[in-house]
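Worksheet: the structure to be examined is printed underneath.
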Amino acid sequence: MCLAVPAKVLEIENAIGKVEIAGVSREVSMMLLPEAKPGDFVLVHAGFAMQIVDEKDAEETNALLAEMKGAPRTVGAIEESVSHG
Amino acid sequence: MDKKEERELAQRLVAEITALAETTGRKLRFMEVCGTHTVVIFRAGIRQLLPANVELVSGPGCPVCVTPDDYMDKAIAYAQHPEVIITTFGDMLKVPGTKSSLSEAKTNGADIRIVYSPLDSIQIAKDNPDKKVVFLAVGFETTAPTAAATVLAAEQQGVKNLFMLSAQKLVPPVMETLLNDAQVHVDGFILPGHVSVVTGTGIYEPIVQNYHVPGVVTGFEPLQILRALYRLVKQVAKGEAKVENEYEDVVRPEGNPVSQRITDTVYEAADTGWRGMGIVPLSGLKMRAEYAAFDIEQVMPLPVGELPPAKKTACRCGEVLRGIVTPQDCPLFGKACVPTHAIGPCMVSVEGVCAAWFKYGQGRFEYGK
Amino acid sequence: MVSDKVTLAHGAGGKMSQELMEEVILPAYGNPLLEEMHDGAQVQMSGQVAFTTDSYVVQPLFFAGGNIGKLAVCGTVNDLAMTGAIPRYISAGLIIEEGFPVKDLKEILATMRQMADEAGIYIVTGDTKVVEKGKADGIFINTAGIGDVIRGTHISPKNVKPGMKVILSGYIGDHAAAILAGRHGLTLPDTVKTDCAPLCHMTKAMLSAVPDIAVLRDPTRGGVAAVLNEIAVASDCGILIDEEALPIHEEVQGVCDILGFDPLYLANEGKCVAFVPADRAQGVVDIMRANKYGRDARIIGEVTETAKGQVGLRTAIGGIRVVDMPLGNLVPRIC
Amino acid sequence: MVSDKVTLAHGAGGKMSQELMEEVILPAYGNPLLEEMHDGAQVQMSGQVAFTTDSYVVQPLFFAGGNIGKLAVCGTVNDLAMTGAIPRYISAGLIIEEGFPVKDLKEILATMRQMADEAGIYIVTGDTKVVEKGKADGIFINTAGIGDVIRGTHISPKNVKPGMKVILSGYIGDHAAAILAGRHGLTLPDTVKTDCAPLCHMTKAMLSAVPDIAVLRDPTRGGVAAVLNEIAVASDCGILIDEEALPIHEEVQGVCDILGFDPLYLANEGKCVAFVPADRAQGVVDIMRANKYGRDARIIGEVTETAKGQVGLRTAIGGIRVVDMPLGNLVPRIC
Amino acid sequence: MDKKEERELAQRLVAEITALAETTGRKLRFMEVCGTHTVVIFRAGIRQLLPANVELVSGPGCPVCVTPDDYMDKAIAYAQHPEVIITTFGDMLKVPGTKSSLSEAKTNGADIRIVYSPLDSIQIAKDNPDKKVVFLAVGFETTAPTAAATVLAAEQQGVKNLFMLSAQKLVPPVMETLLNDAQVHVDGFILPGHVSVVTGTGIYEPIVQNYHVPGVVTGFEPLQILRALYRLVKQVAKGEAKVENEYEDVVRPEGNPVSQRITDTVYEAADTGWRGMGIVPLSGLKMRAEYAAFDIEQVMPLPVGELPPAKKTACRCGEVLRGIVTPQDCPLFGKACVPTHAIGPCMVSVEGVCAAWFKYGQGRFEYGK
Amino acid sequence: MCLAVPAKVLEIENAIGKVEIAGVSREVSMMLLPEAKPGDFVLVHAGFAMQIVDEKDAEETNALLAEMKGAPRTVGAIEESVSHG
């Protein structure tokens, strides 16, 4: 539907950002994301920065694991673990 | 998380999905609306990991697939005009129109340039002042603001030979159309992650509430999809229907307001045709009157009669796109219709359901059986 | 006396052709066997001879780590190497577009010579044609090559049998990434460049130690996916590879993510895939690792009895999917 | 399954390439040695091997009596023949412009096969590239060839000595006239067509009977004038030919008169020039005349001690003038 | 006459010329005005057949050679214009202007088409309606009517994008200039056969009478040239000066009146520059005001300053063209200046005197010494 | 100066003549030579017929030979032979 990749903003000049994705750099338009600053990670689609990407939350995964922990094979158990976590 | 931890988490999620699905005592059908999700599901082999009673069906989320013949015919007709240079995403190149494709037009000498960004069209327009550069503006809510921003940039830079041939589409109206369709049965939606980056999550609420069907926004890692499936099965198991967001690092409830405003400046909602679904009210975007000077159809309308009459084939793309049939139900699948000689757009596009079935071996592959 | 641009007259077989030959081409290729204005070269060969050809039409002509001349020599050297031969002699057919800078031509020819030297071969015969402006794309180069097949080897997909290991000599997609990045506005760090290299010394070491290597193949156009599919069909076996075993530079994966490509389909110009009996596989890997072009060699999969004619890939999360033949040329996508 | 036009995908190394190969190329070339999707062919050779290459960029692609495919095979066969070899195997590298009609491609390949059969050779390895519309000129073909040098022969301009006779195998300029006429609005009668032909059977007969033939050369680009000049320089002798001995079809002379060309500079594709010791000259002419491509063979001049490195022509009225190297490509003149 | 008879006749004529020349007791210098004659003389080896006291000098009869730098510079400037397609006879391609040549412009991408007939330009103009097609109209009286007829044909067919860049020249005025030049000594003229086909023989009468110098019109067979030389030597020997015609099968006393009229319709006589001779009054043709719409210099004048300043080289073409020096007197001949790297136009053109000397071995060839 | 070749007119239509030179045919403009008819030989230059070519006169050569005959090496003798011829 819409390929998009996260990239780090290196610099911005005149609403043109230089971004880097795994060492590969490209110019993208910052027109749709004026609030982004160098150092931010942004989601890039079709040459435009579309959104700021938050730091990946390790807690989130832990929460999921907790949610599933000790809940072997029954819905009730999972529910329980969620309410516990 | 390292790869091993990822694999373990995936196994864990699959186990949970299997267990939860079992508690429902019935067959569950979830639709991924977004074609990129479709591809990840096939590439990662997710279907093979799921229990027999959890079925994934693909929806109308491939922009190439839902674009009807008449748009392609128009694009081809413009491409053949000696004064026109077409710029397009690579995806559109092989999509069949009634009689031909852009790829064929290019082989016959039409000037068609593949761009990574609609903005690239501006430079091409500047380099070719004696030509009309026409960008094929297709896509969903994610892509529409990039086309709109390109129009605004061209206007600002005084570029007068860049135009749009627009066929942008909106997701929520077509989801509703599907839910109203008696042939379609869906127990929940994997909601498109990148559309939601622009729109936010709120737009799905009315649908989820009105039709009591769960929806989870998620990203494009296999694990994210498994997580969304886990949430969907869980909602069903609990009898709930709500919008959840498993892609919180980029999807905000309010989306991207600047993108929404820029799209709204250049475009307005309009009825539009979808392959296999006909006209869906207010499901597309058309250029506002203020931007008519950038609309190739207004600046240089094609002479009447330049488009060929509609064709009839046994292609069942229309039904495939609604999740009513699978590609294997199409008599042409894998026989007359293969990726090298596609009959319908669902076989052409990388995100096309038929292409994904074929490419990733569904129904023809021995491994993993 | 030669001007700074190549003209039609340089290709017309007269005085100007002679000047181009004497001032540009012979000095670059110069070696004792090179035909000088003759109809062909004469060389000593005996026994089983490998013979191959390829034309090179790459754009841009100059790219990170090389140019079309490097490809033209290494590509044919590698094709000879993959048939189990020691490359000996190559030809060079140039088709030049009128107006091509002589400076660029000299640079390309110098690179060809350099690669020939590294590969231990001679450029012994050649041809130069010049076509009108707009009738070519700068320069096209054809090379054909001959080499001595190493005794005792018999490279053929028909020798591929279930249980054999699939070895890949290193990181994939570097060449295509170097070529494609610039075309789509991407800038790569200096560390990413074409992998183009002559593999003949490495393959000679491999075949000398393990003559029963079933197949060698360089994954050029169509990438690893094309090579594996061709061999799966030709051997009537299945091939199952492991996604996690595939060495892919982060930047190459980045290019793929941005443009919507799959690294398995990207062209390589200095890699080889080997099909080797399981008990010799680690030995072959060790030999490859001793060569500078095989330092990252590894086993990436194996030949199977099931899924005849098909290639499967075990994904990171444990699923298996088909790796199909590439369909056409790679274009960037948004979806 | 192949469409009616060649597309970029046909050259991308994937499924479409495979289809073009299987449905168009292999059926045309088909022979037991042809590499099928391998990196190269393997053939048996031994001793002194001749190796040559040429690219073909002719326009129009189809012309009276032939097409580019005919040239591509005969040209390389003849270059091998001129080095004193029996041609054995050739390669075929196609560079095709996107949109080229598959029908035309099939016709060209069929002609290549037919010429290969007549010459007694196999097309054993090949390559197909497709470039974007506007980046080539329909089709370019490169062929490289290998052959066995006939034992006891040693073709070299250095063997040319004063007193030797210069033999020409037949009428000159037919090929160029057939190509150029259409380009400039001239219509030739059906009788005038390219002389393109494989000369290897004739040269084999010549060399078998008279191994001390000093030089054989096919007067292609640059015509007889270029060949004679090259040999005069390489042998450091003079060459004096007789205007009245030159066989020129009336129509070819007509084309020259109209467009301001000199037939000595017109390309031939089925002729050879031989330098032969005087006492064997008539014998060689007789052997040539027994071959269908040498029926009009004759002595046209001789090698001299004087005028080293130069070519002279005795005119019909008794003067002598220089025949110089051609300068560039032939363009029609009004003066 | 078969070849043997021809050779015998040639030998006979040479013998007569030798005998007659001897009776004059002095060195005789005849000038062939026409470059085609020059080439035939060299090709057929006629110089070598003549006695030492009969010298042939070449005149200004190569249209390429006499065309001055500034015309070439203009042609190149037009060629470089993206809107222009140049059509030209092949002869002009390599003629150097001040800094460059058409050939170089073509190598750098200029659209230059070689035509056999000026008429071919009309079809090119029709095929390229968005371009200006400019024919380089050079030549003498023979060629001028073909350019004029092309203009009339274009007018009649309504072709509006075909233009001329004219530098046609006339033979009699330049002959008179030569005869007035104290440095030039000529005992008789071999008069141009094909110019005379158009002009007739009468135009030479005033010159031949006024300057008491013999003239013989002749054709382009070696024998015809020998015959003309025989007639010239004979006139000198007898002290006569008249116009004779050794090309009666195509040259009529009145010439071709239709051609004369058509030239006169489109063109009028004008002062024009000749290489090495400067401006010669009324020695050229310019388009009449009525045909200004076909004159590229009027329709699209080049911006001032677009032409490079004149260059200085040691090239002695100007003197070579007047028969004052031979190519061997030029310090560059055969060294810096050779046909592959010509410095002056006399080395470029096939009919150029320096090229003929070089190509046919004068001064560097061992045979026939 | 001006290359030109004699050619036989095969047919004429709308002032375009089809001419043949040694078996080679081409279309040429008859605009400059309206009086030419099929069957005539014409001189062709730059795609135009320029003049009708008379049949080659064998007598002309004979006259020249006669002019030179019996006039070995002296002007007088040649003169004589001419006046005789």
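First chain written, first letter: the chains are A, B, C, D, E and F, and each begins at residue 1.
Here is the rule we go by: a contact is a pair of C-beta atoms (placed from the backbone, for glycine too) under 8 Å apart; a residue touches a chain by one contact, two chains touch by 3 or more.
According to UniProt, the chain labels map to these proteins: A, F = HypC/HybG/HupF family hydrogenase formation chaperone; B, E = Hydrogenase formation protein HypD; C, D = Hydrogenase expression/formation protein HypE.
Bear in mind that the values here come from a model prediction, so they are computed numbers and not experimental data.
Peer 1: Using the touch rule stated at the top, which two chains are linked by the largest number of C-beta contacts?
Peer 2: After tallying contacts for each pair, the winner is C-D.
Peer 1: Find the geometric centre of each of chain B and chain C from their Cα atoms only, then give the gap between the two centres in Å, rounded to an integer.
Peer 2: Between these chains, centre-to-centre, one finds 37 Å.
Peer 1: As a quick test, compute the distance in whole Å between the mean CA positions of chain B and chain D.
Peer 2: 56
Peer 1: Indicate the whole-number Å distance between the mean C-alpha point of chain A and the mean C-alpha point of chain E.
Peer 2: 79
Peer 1: Multi-chain contacts in chain E: which residues touch at least two other chains?
Peer 2: Each of 35-36, 62-63, 89, 116-117, 120, 139, 143, 339-340, 351 in chain E touches at least two other chains.
Peer 1: Which chain A residues reach two or more other chains?
Peer 2: 1-3, 45-46
Peer 1: What are the residue numbers in chain D that touch two or more other chains?
Peer 2: Answer for chain D, listing residues that touch two or more other chains: 7-9, 15-16, 134, 185, 258, 260, 327-328, 333-335.
Peer 1: Touching pairs of chains, which are they?
Peer 2: A-B, A-C, B-C, B-D, C-D, C-E, D-E, D-F, E-F
Peer 1: Which residues of chain E touch chain C in the complex?
Peer 2: Going through chain E, the ones touching chain C are 103-104, 106-109, 339-341.
Peer 1: Would you tell me which residues of chain A are touching chain C in their complex?
Peer 2: Residues of chain A touching chain C: 1-3, 5, 21-27, 44-46.
Peer 1: Of all residues in chain B, which touch chain A in the complex?
Peer 2: Chain B residues touching chain A: 1, 9, 12-13, 15-16, 19-20, 23, 33-37, 61-63, 89, 116-120, 139-140, 142-143, 145-146, 149, 152-153, 192, 194-195, 197-198, 227, 234, 237-238, 248-252, 256, 258-259, 262, 351.
Peer 1: Across the complex, what residues on chain D touch chain E?
Peer 2: 184-185, 238, 240, 244, 258-260, 304, 306-308, 310, 312, 315-322, 324, 327-328, 331-335
Peer 1: Residues of chain C touching chain A in their complex?
Peer 2: Against chain A, the touching part of chain C is residues 181, 185-189, 191-192, 250-251, 253-255, 257-258, 260, 333-335.
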